[in-house]
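Same chain, two partners: chain A is paired with chain B first, then with chain C.
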Partner chain A sequence: MGTPVEQTQTPPAKAPALEVSTTLVVRRRVAFLYRHPGVASWLLVLPGTLWMMLFVGIPLASIVLFSFWRSGFAGLVPDYNVENYASLLGGRTFWRITLWTYEVVIMSLAGVIVLAYPAAYAIWRVVRDDRWKTAVLLLCIVPFWTSYLTRTITWLPMFGREGVVNRVLLALGVIGEPLEILLYTPYSMMWGLWSLYIVFMIGPLYHSMTKIDEDVMSAAAMLGATPVRTFFHVVLPLTRPGLMAGSLFVMVLGLGEFFTERVIGGAQNPMLAGLILRQIDIFQWASASAIAVTLTFLTLVTVSAMLRVFDLRKV
Partner chain B sequence: MASVARPLVRPLYLAYLGFILAVLYFPFVVMTILSFQGPRGGHTFPLRGVSTIWYWKLFNPGKLTPYSDVGEFLGDYLAALQRSVVLAVITMLISLWFRRMDLPLHWLTTGLPVHVMWTLPFSLIIFLMFFNRFDTSLEDAALILGATRWKTFRHVTLPLMQPAILTSLLFAFTLSLDEFQRSLLITGTDQTLPLMVMASVTTRITPTLYALGTLTTLLSFAVVGAYLVLLTYSLRKSRRFVEGSGSGVK
Partner chain C sequence: MSDEGTQVSRREFVHTGLQLGAALGVSGLGGLTIVGEAGAQTKRQHPWESLPAGETAPHTKLQLRTIGLGVSVQDRFLREFERRTGHKATGKVTGLTPMITEWLAGGYRNYDTNETNANRNAALWSAKLLQPIPVDKVVPWKSARDLFTNPKALGHDEVSGWPLVEIWVNPKTQQEFKLVPQFFNCDSIGYRYDLIKEDVTSWGSLVDPKYKGKVGILNDSLLTPGWCAGYMKKNNLAQIKRSDNMTRKELDTVIDFLIKRKREGQFRAIWEDYGQCVNMLASGEIWLADSWNPVVEDVKKQGVVCKYAFPKEGFTAWFHGVAVAKDTPNLQAAIDYVNFCLEGWWGAQVAPQGYYSPTATCEAYLKASKRTDPQGRFNDYEWWYLGGESEEPKKGWPIRGRDTGSFRKRWSNVMHWMVWPDDADYYAKRWNDFLSA
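Right after this comes the complex of A and B.
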């Protein structure tokens, strides 16, 4: 939270430059803030923090509270117990589903990274005109302005047994009978997730590629590095912030994923978020809350572990 | 660009980019075709005739006969809009809380906070990413040259931040619009999200969904087109103003 603020802090040595013509009270107060950057950063962080406290903190706190209640016939009953967690963490199902969730999220992250790097690289180096770069980037983003729900459902007519892909392949004689693997399988879910998340990787990657100094690239070329070597020794290290931001996006979105699993994955193997919905479907609000709290906790742990590996706030 | 400009690599990369775009746009081709599904057709192939009935239904939810005048249509449409901006997917958890507080469901009470809550972290990450490459010596230079704090911010920091602001706007817009449509599809306030999902997965998918998708895409293209025109204009202006700082392309 602190970092966007740091750049407005005054390096102590430059503070006098400000005080040339300050007699007004306001100016003095402002000057006070510059001399005490700590106070200033707290003030700058305050609105966002309050907002998040209000709209994330309170609901989250109530979910934590609900997770210790009991689901009755008419809703939640304030009857404190740890039964929800005991049955959740004690059962094998939960751990199997957690493992599966991470499997899916890590696979989708890996796939998205592999797919997005060449695309971002192509926009950055191969597309020449600045306007074309922007145009291509926007073209990548436009599909994501249409609801994720709609896009996911379109997979049914595309990849179903009677879908476009199967029909075209049949007509071309590539396959003898409709492929069953295209829909309602873990594979189809994976492809679905890749296509849903790819832009969240291309965007940050491209953004941090444009920050690479052209001279660095020329230097690498002049010193005789092959494109592959340049990629691994220059581009990859320098785009780590973008890679990290993209990974965070995909990770967080993936951990909350439930719809793709239901529609494209065929609702065979629920992930954690899907498990919450299944609990709500059968009116088990308390145990749904317990799963939600656990999922939130897991997400927090995952994100902080990722930030531990590479801190976005540092170069 | 020398290292990449070898004869084979360039077309290869462009072909890959084309492939990615093709994959991203394939659903929209299917969506557009299916949005003209005949009145008796469903949400998958085959097409049973061709009609624009689903577009009509999109603007006339719950109506069986056409409107008699525009005022009636507008009133109904606005009411539907107001009613339908319900809690979005990520707010599934929050909905419990809102229900307890008995807030009227309106975009200012429940919609806006939820959308900001949902998009703020993404913007924050974009800005974090940006600031870790931020060259503070430029600010120092401005300060040494006698600029006030405000002037430094206005004329040095803010222009440098422009790409980050644009990127974060784009992401926030993408995420928020997605949520908005998702909640727009939920008609009626008392439907909880899982019910909606269940319903939409099992019975309620109609080509109206595709009609909405097609219209959104067309609108998006219009917005992007307008943006590109503006960008060209501002690029021309800034090129006149200063040559070769920052992005370093050509």
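Right after this comes the complex of A and C.
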């Protein structure tokens, strides 16, 4: 490091010229982008698009391609046919599993909405202190720092024959025999799914609620609306964006669900995503691809239908 | 076996140093000096042979990169291999299908060996991702059990040709391995003796209405219909020619039978993995399940009275092996690993989990250990291979020994081997029908 005096005495000779020319180039480019906003938009979109093409587009295109091939014992054979789809869509099992998958997803969604609305509402209206709001929101989010698999498995010691719930109920004398309905049934699976998905609903709902103008709530109260009436006629319509965002999360996650069904549900009622795994287990990659494509298609149709009901882009 | 602790003359000392140096690929005087000074306390012919405790072989430039199940790819095994050979060893633990899938998708370049189930290894062999291993490179193979060399051996299946057909490039000449057997066993039924209060002696117990709602079965489209077919065949409940490789019509009969049982509420749960089965049996969620020997041993370790059944219809047999990647740059390390797994120590390590070693070399290690018998009367070999019921059972033996008895008794009662069926796709299709019924 030199002294200030030294710096003024011996200024760098070429650097300012270079700096000036670089600045000029940048300015010109920025000016060009201002004059051509379309180009700027394309450039902004480019990195994300490239990323998506590379890591989503190419795998997805491959899966579509493979779904028209045939599975050999040691890999895929490029022998184009529609047998994978014919066999899948022509069997009753696929439709039965699809129907069951939608039943589970809709029940999960309904349960999550019923549980998440009061929770989000309480955080918004009941908890007044901001620090407490943060604390409660954190309580909702912290379990989600652990892996989805771990959170699912955690229900086993809770609901098992010798699990916490059964032990407590037995100790209280409420039941004489351990309840077996708590584990390896569709009901237990539903509990598991609700717990897994609830944060995806609480978050968007709470966010929507905080966007509601306080004056609107005051106006409703001044005009004599009861809290229940206010909720249904003011809060509910104004939180539709949050509800729709949360529903999309739950719907998409639910349609891809395979683990909870196996571990908590006892694997006796498979869902669509589980079907893919079953095919992969025996190296039937072509039929697994066909199921994956069908599931992706169903998911897209479902999401599109939901967006037709309420278009999030218009918010 | 090594002569541990043997004192050697200076000439032997230098000679051993030279041999070891050559075997380890150490070139130059410096390498020999290191081996001479630090290593050769024993007369080791090969780098994979045992090394006295506290000694470590000098590092080589080779490495071993393996992939397999948690049962065979364990850190303690890899560290012992490193200690003995000086080759750096790394292992990836995964599932049966993922390990094959990864290799078929090009991942084989990242590994030297694949420790897999014989019925899935055929996919790697067909894809030409493996190289044959000459039998003379596998030194402990001279102590191989009959089952893996002789088509007349106890447990060999003449119809399918198993296990020989999946081991050898040519089962008749037996000069090259496709897959070097590593460990093997028979599957049957694990059951809670304290809850059932009688011995389970048939696969039929899993579909017996007496145990309605207390049964767990494995979620496997090949294995579960397999044992059920064997049960139906042996008890004349259905016309089935081969329970290990059924025709569509035969499979339909079996699956329809299972669906009927499922709808009647026979199955409490369909288990997915090892730990899940252990937990279900240990917690009493299920009383019995089509199970694996180590599962039962692990349930017992939790202080639960669990037993492994000797089904009258027979066991379902399988073996795992080590396959060597076609273009491995670490061929010598891979061959050393194969030898290491068959040298005896490895086989003795997996015996207490209930697994058998394809070579008899583990016998010496097991005979020197008495870790299993709670009374300390039988050594581990007597327990795990003779069933604790040696030819002259000892008086006052408090428990009968290993469930299902001796190696000979178990392998004289094989229902079928777990072969890969010709129509696996149809198996999966019908299994989905069962699951969703």
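Assume the second predicted complex is superposed on the first by the 271 of 315 C-alpha atoms of A that agree within 3 Å, B and C clash if a C-alpha of one lies under 4 Å from a C-alpha of the other, contacts with A are read in each partner's own complex, and residues count from 1 in each chain.
Here is the rule we go by: a residue touches a chain if its C-beta (ideal position, glycine included) is under 8 Å from a C-beta of that chain, and two chains touch if they have at least 3 such contacts.
Computed from a predicted model, the values in this text were never measured in an experiment.
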| item | value |
| --- | --- |
| Which of chain B and chain C A:156 touches, first, second, both or neither | both |
| Which of chain B and chain C A:93 touches, first, second, both or neither | second |
| Partner chain in contact with A:122 - chain B first, chain C second, else both or neither | first |
| Partner chain(s) touched by A:48 [first = chain B, second = chain C, both, neither] | first |
| Which superposed partner A:68 touches (first chain B, second chain C, both, neither) | neither |
| Which superposed partner A:138 touches (first chain B, second chain C, both, neither) | first |
| Which superposed partner A:275 touches (first chain B, second chain C, both, neither) | second |
| Partner contacting more residues of chain A (chain B vs chain C) | B |
| A:245 touches, of chain B and chain C: first, second, both or neither? | first |
| First (chain B), second (chain C), both or neither touched by A:262 | both |
| Residues of chain A contacting chain B in one complex and chain C in the other | 156, 160, 162, 262-263, 280-281 |
| Partner chain C, residues of chain A touching it in the complex | 71-75, 87, 91, 93, 96-97, 100, 156, 160-162, 180, 183-184, 262-263, 266-270, 275, 278-284, 287 |
| Complex interface listing, chain A residues touching chain B | 1, 3-4, 6-8, 10-11, 14, 17-18, 20, 30, 34, 48, 51-52, 54-56, 58-60, 62-63, 66, 115, 118-119, 121-123, 125-128, 130-131, 133-136, 138-151, 153-158, 160, 162-164, 167, 195, 198-200, 203-204, 207-208, 210-211, 213-215, 217-218, 220-221, 227, 230, 241-242, 244-245, 248-249, 252, 256, 258-259, 262-263, 276-277, 280-281, 285, 289, 292, 312-315 |
| Partner chain A, residues of chain B touching it in the complex | 1-4, 9-10, 13-14, 16-17, 20-21, 23-28, 30-31, 34, 43-46, 89-90, 92-94, 96-97, 100, 113-114, 116-117, 120-122, 124-134, 136, 139-140, 143-144, 146, 148-149, 153, 157, 163-164, 167, 170-171, 173-174, 177-178, 181-182, 185, 192-194, 197-198, 200-201, 205, 209-210, 212-213, 216-217, 220-221, 224, 227-228, 231-232, 235, 247-250 |
| In the complex, chain C residues that touch chain A | 97, 100-101, 104, 122-124, 126-127, 213, 219-222, 262, 267-272, 276, 279, 283-285, 420, 424-425, 427-429, 431-433, 435-436 |
